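Next come two complexes, and both contain chain A; in the first it sits with chain B, in the second with chain C.
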Partner chain A sequence: MRTEIKVVICAGTACHVMGGSELFLVKDRLDESIRGLVSIEGIPCLDLCRRSAPDRRPGGSAPYALVDGVPVERADLDSLAAAITARAIELEG
Partner chain B sequence: MHFNNRAARLRREILARLATLRLEDRLTEDIERLPYQVTAPGWETVRCCVHKDRAIIRLRVAARLGFDVGAKDDIEKPLADYAKEALERKAPSAVGLFFLEEACNDCVSSPYIVTDVCQGCLARPCASNCPKKAVHFVEGRSRIDPTLCVGCGICAQACPYKAIIKVPVPCEEACPVGAVVRDENGERRIDKERCVECGRCVRECPFGAVMEPSRLFDAIATVRSGAKVVALVAPAAVAQFPGGPGKFSAAVASLGFSSIVEVAAGAEATIEAETHELLERIERGEGPLATSCCPAWTKTARTALSSTATTVSSTPSPMVYSARAVKAARPDAALVFISPCLAKRREAEETGAVDLTLSTEELGAWFVAAGTEIASMPERPFDAPDGTPALRPATRDARAFGASGGVAAAVSARFVAMGRPAPRTLAINGLDKAAIKEMGRWEAAPPQTDLIEVMACQGGCVNGPCSIANPRAATVALGKYAEAGSD
Partner chain C sequence: MKDTFLEISHHQTSKLGQSAPGDVFQSIKCDDGRVVSVLSDGLGSGIKAGVLATLTATMAARCVAADIPLRRVAEFVMRSLPVCSERKISYATFSLIDVAPGGRVRVVEYDNPPYVLLRAGTLMEPLKSELRLPRGKGGAKGDAVLRLSSFVAKPGDRIVLYSDGVTQSGMGTKSYPLGWGDVAVQDYVRDLVASSTEGLSARELAKSLVREAVTKDGWAPKDDITCGVAYWRHPRRLLVLTGPPVSRERDKEMTRVFASFDGRRVIAGGTTANIVARETGGKISVDLKDLDPEIPPSSSLPGADLVTEGILTLARVASLLESDQDDPSPRRNAAHRLLELMLDSDVIQFVVGTRINEAHQDPTMPVELEIRRNVVKRIAAALEAKHLKETRVSYI
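Then we have the complex of A and B:
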């Protein structure tokens, strides 16, 4: 049985500044067969920016998103859509 | 190009890293490590090798420290030396856009090429239709002789396989005023006389080769000097960040600005003056008047169009009016104007209205470096010019200045409020090559309108070259900010 894919998008300041604001439009990039499975939620700073290696601070590899709990680093519309699609295929198989 | 891309991310990462070093007072000590940190494992090499990438990043860092590093020998100088100079200077150094020669890809100038898709067909319409006989066949495949090609594009249209493509030079395509030129050595340069600082090339160059000396360091130094520093925030700046105006105001204040003044308050004076100027002009029957608040546009009108094509209003911009109000109330305060615009840097220099201009990209990097979390900020009202909390927010119409159509709508509303018929308006939404061509025709045939609103950026200031939010999201945010304004 197919379950929902939970996408959490970091709406914290570092992720926003590094280009995260458009991630909320990711559904536009998904295949129609997958779109219905995806729930999108924005939450304040996931704290991944602050917990990154000292050499990567500030901001770490922002923008971040989580696909069913798995972080996507330096996320953009393409990489996030790809991660969601991969997760859908994984669930299917 | 899509506004969000690796070049834009790199720009912001370098800014945020530099700001961190500055805020933690370890700039000269640690700056040499910065290019290595950026290219640490995980970095995908762009040029021949990571060493070349680092060499280019070094120059980007110097530009972000506020220097014009267009020349080749700038690469020799240690970053620590740039850093020392940046820390010691009292006023910002260079202004204007420049090419980072090392980063420039020297994009091909022959506009049409035949790709492998060519089938070498029997009909060969590319060759038979070429008016210059520039197309010939080599080993059964079409070839274009670049010395004969005049770039008319007929071959590309004629090919049934779409095998002939035009490889654009993105910066030259983007520049509406022909300011991207080649010097005697064939290197690309910005012709500063022609450049209107619209920032299109900065955005469109896929190699991020067009840069601009940042003002972030000067702004941090000003705030740290202990002086009273007033942030003048443009509507389009407020719209770049999540959380709404109250949290934005608090976030900017948390960086050390002593008060946060809405530029929209100055826009109210602009609306008033623009309305009267237009009324008089209509009464005198002198033809259409163009708006004056976009500095990329006013320079375009001055330098790229004939003086009879358009008349630009003499009304000062909201930046100038809001700055005047603050200076009158607090002559000792330092003024920093914040917006997504690059052209405002020149307007600031020419008018002397403000001490510094900070882009929203620079402000964002400062937030990141300072660990500012906008969402957890309290709500803070904006301030009046004298530094006390503002009694009312700026008006809806004034806040809407940041989007295309906003200025014309505000002036029209004033006409109606005065019992006059609304003026006819025409909006030029984005100053690209086509728009300038159209305006060139106005010399012979002026448009049948009263007010021409020109914004160099498509969508308005909210989509300026240094914006950080998705244009759709920022436009929605600007709408909400305007809605929350007073009547």
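Then we have the complex of A and C:
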């Protein structure tokens, strides 16, 4: 079993403006059994903000984070925690 | 003077309990390249003193900047200054330095502690001539005595001006019954400069002197304490790279500008940082200790002194520069760190990338470019006007 889930959170302009700064606190939202498996990293820009969203909202679907390389769009604390939890269960099984 | 930069900076603190300082330090850069700085100390403290000091400093600086002969300026200022009816002394004292581009310096002093000229680690004693003028309105007794001196500055010279809040600090305490005193302050300045390994900047020197005086006053300043410093130093250069270049073909060129720059380097912008990292093979890591609710965290990248987010951080730097208040918040976010680097430099070069968008479909991008250009212009203008820095802006 893998022991680490790598979470990369975008600290770029678009993601920050769309509320991404709170994502750095995601560990607090995780179940204790998972918390220890998660490593959090920042990145200056995931370059996903340059894509346009279906509704042409500026900044694409920011804020973005990656959970083991898979993008989470319009992330907030709940949806990011859910994505990490889902990944943990996937690795477990 | 070739390859020297005149750094002028000041620091001050108000008398305990006063919200506004009664001392003023002001500098003007004239069109002919001269720089005029004035330190004025209004009688007493608080708003009234501050207004008088501002009046004096502004009047003196503008007149000198307008090339009116010093004697006339002095007469004019003396005549306009009101005199305290009880104490028969002028409401504001001043020291003025007028620096020509070639390094010729003229100094006029009126009732402030004598200025310090420090050259190659030695306290110099410039010859001073006296100019006696009748005092202003209000029937003050005796003439006012102004002291004039002039010399040609050499690279590495420092001029230090300070208000009597510095020399009188500690007065009444056991260790300094008569205050810190002229001679001791001069020795302190000399020793401080001698003991700093790297050339102590004007800014640091002014700060240290004020801090020392505040300490002598038992951290409760009994008067306004102000220090202004002029320092002819080898220029410190700072490069600020912001925004991706107009086309991908120029990514390499931008990276070359970055890598070959002789001085400190900052990248302000995520995409810009990604480009430089890709081209140089360096790894960026975001500093998660630096979290701040308003400004995105800074990062580190080999070869860069600081990597920050772009627009938001630059906009904050611009507003910090434009506001006259010192930012009271103890927080040190990426914008504060960037500002600190700018203030610690003499020549600041901005390279602004002008790529509009990648996919030609995002309608927000031209706006972003406009914002970036404008905010850089604002920062450059404030650095020039308020901090007498030299700035250059180029586009790539």
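A few notes on this one:
The rule we apply is simple: the second predicted complex is superposed on the first by the 87 of 93 C-alpha atoms of A that agree within 3 Å, B and C clash if a C-alpha of one lies under 4 Å from a C-alpha of the other, contacts with A are read in each partner's own complex, and residues count from 1 in each chain.
Definition applied: a residue touches a chain if its C-beta (ideal position, glycine included) is under 8 Å from a C-beta of that chain, and two chains touch if they have at least 3 such contacts.
Keep in mind that what you see is a predicted model, and the values were worked out from it rather than measured.
Superposition of the two complexes onto chain A shows a clash between chain B and chain C. When both complexes are overlaid on chain A, the residue A:G19 reaches chain B alone and has no touch with chain C. In the superposed pair of complexes, A:S79 makes contact with neither chain B nor chain C.
In the overlay built on the shared chain, the residue A:A11 is in contact with chain B and with chain C. Once the two complexes are overlaid on the shared chain, A:D47 sits against chain C while remaining clear of chain B.
With the contact threshold set out at the top, residues 11-13, 16-17, 21, 24, 44-45, 50, 56, 58-59 of chain A are in contact with chain B in one structure and with chain C in the other. The part of chain C that touches chain A in the complex is made up of residues 269-271, 273-274, 284-288, 291-293, 296-297, 299, 307, 309-312, 357-359, 361-364.
The touching residues of chain A, counted against chain B in their complex, run 11-14, 16-19, 21-22, 24-25, 44-45, 49-50, 55-59, 61, 74, 76-77.
Looking at the complex, you find that chain A touches chain C at residues 10-13, 16-17, 21, 24, 40-45, 47, 50-52, 56, 58-59.
For chain B in complex with chain A, the touching residues are 3-5, 8-9, 12-13, 16-17, 20, 37, 40, 42, 241-242, 251, 364-365, 367-369, 371-376, 468-470, 472-474.
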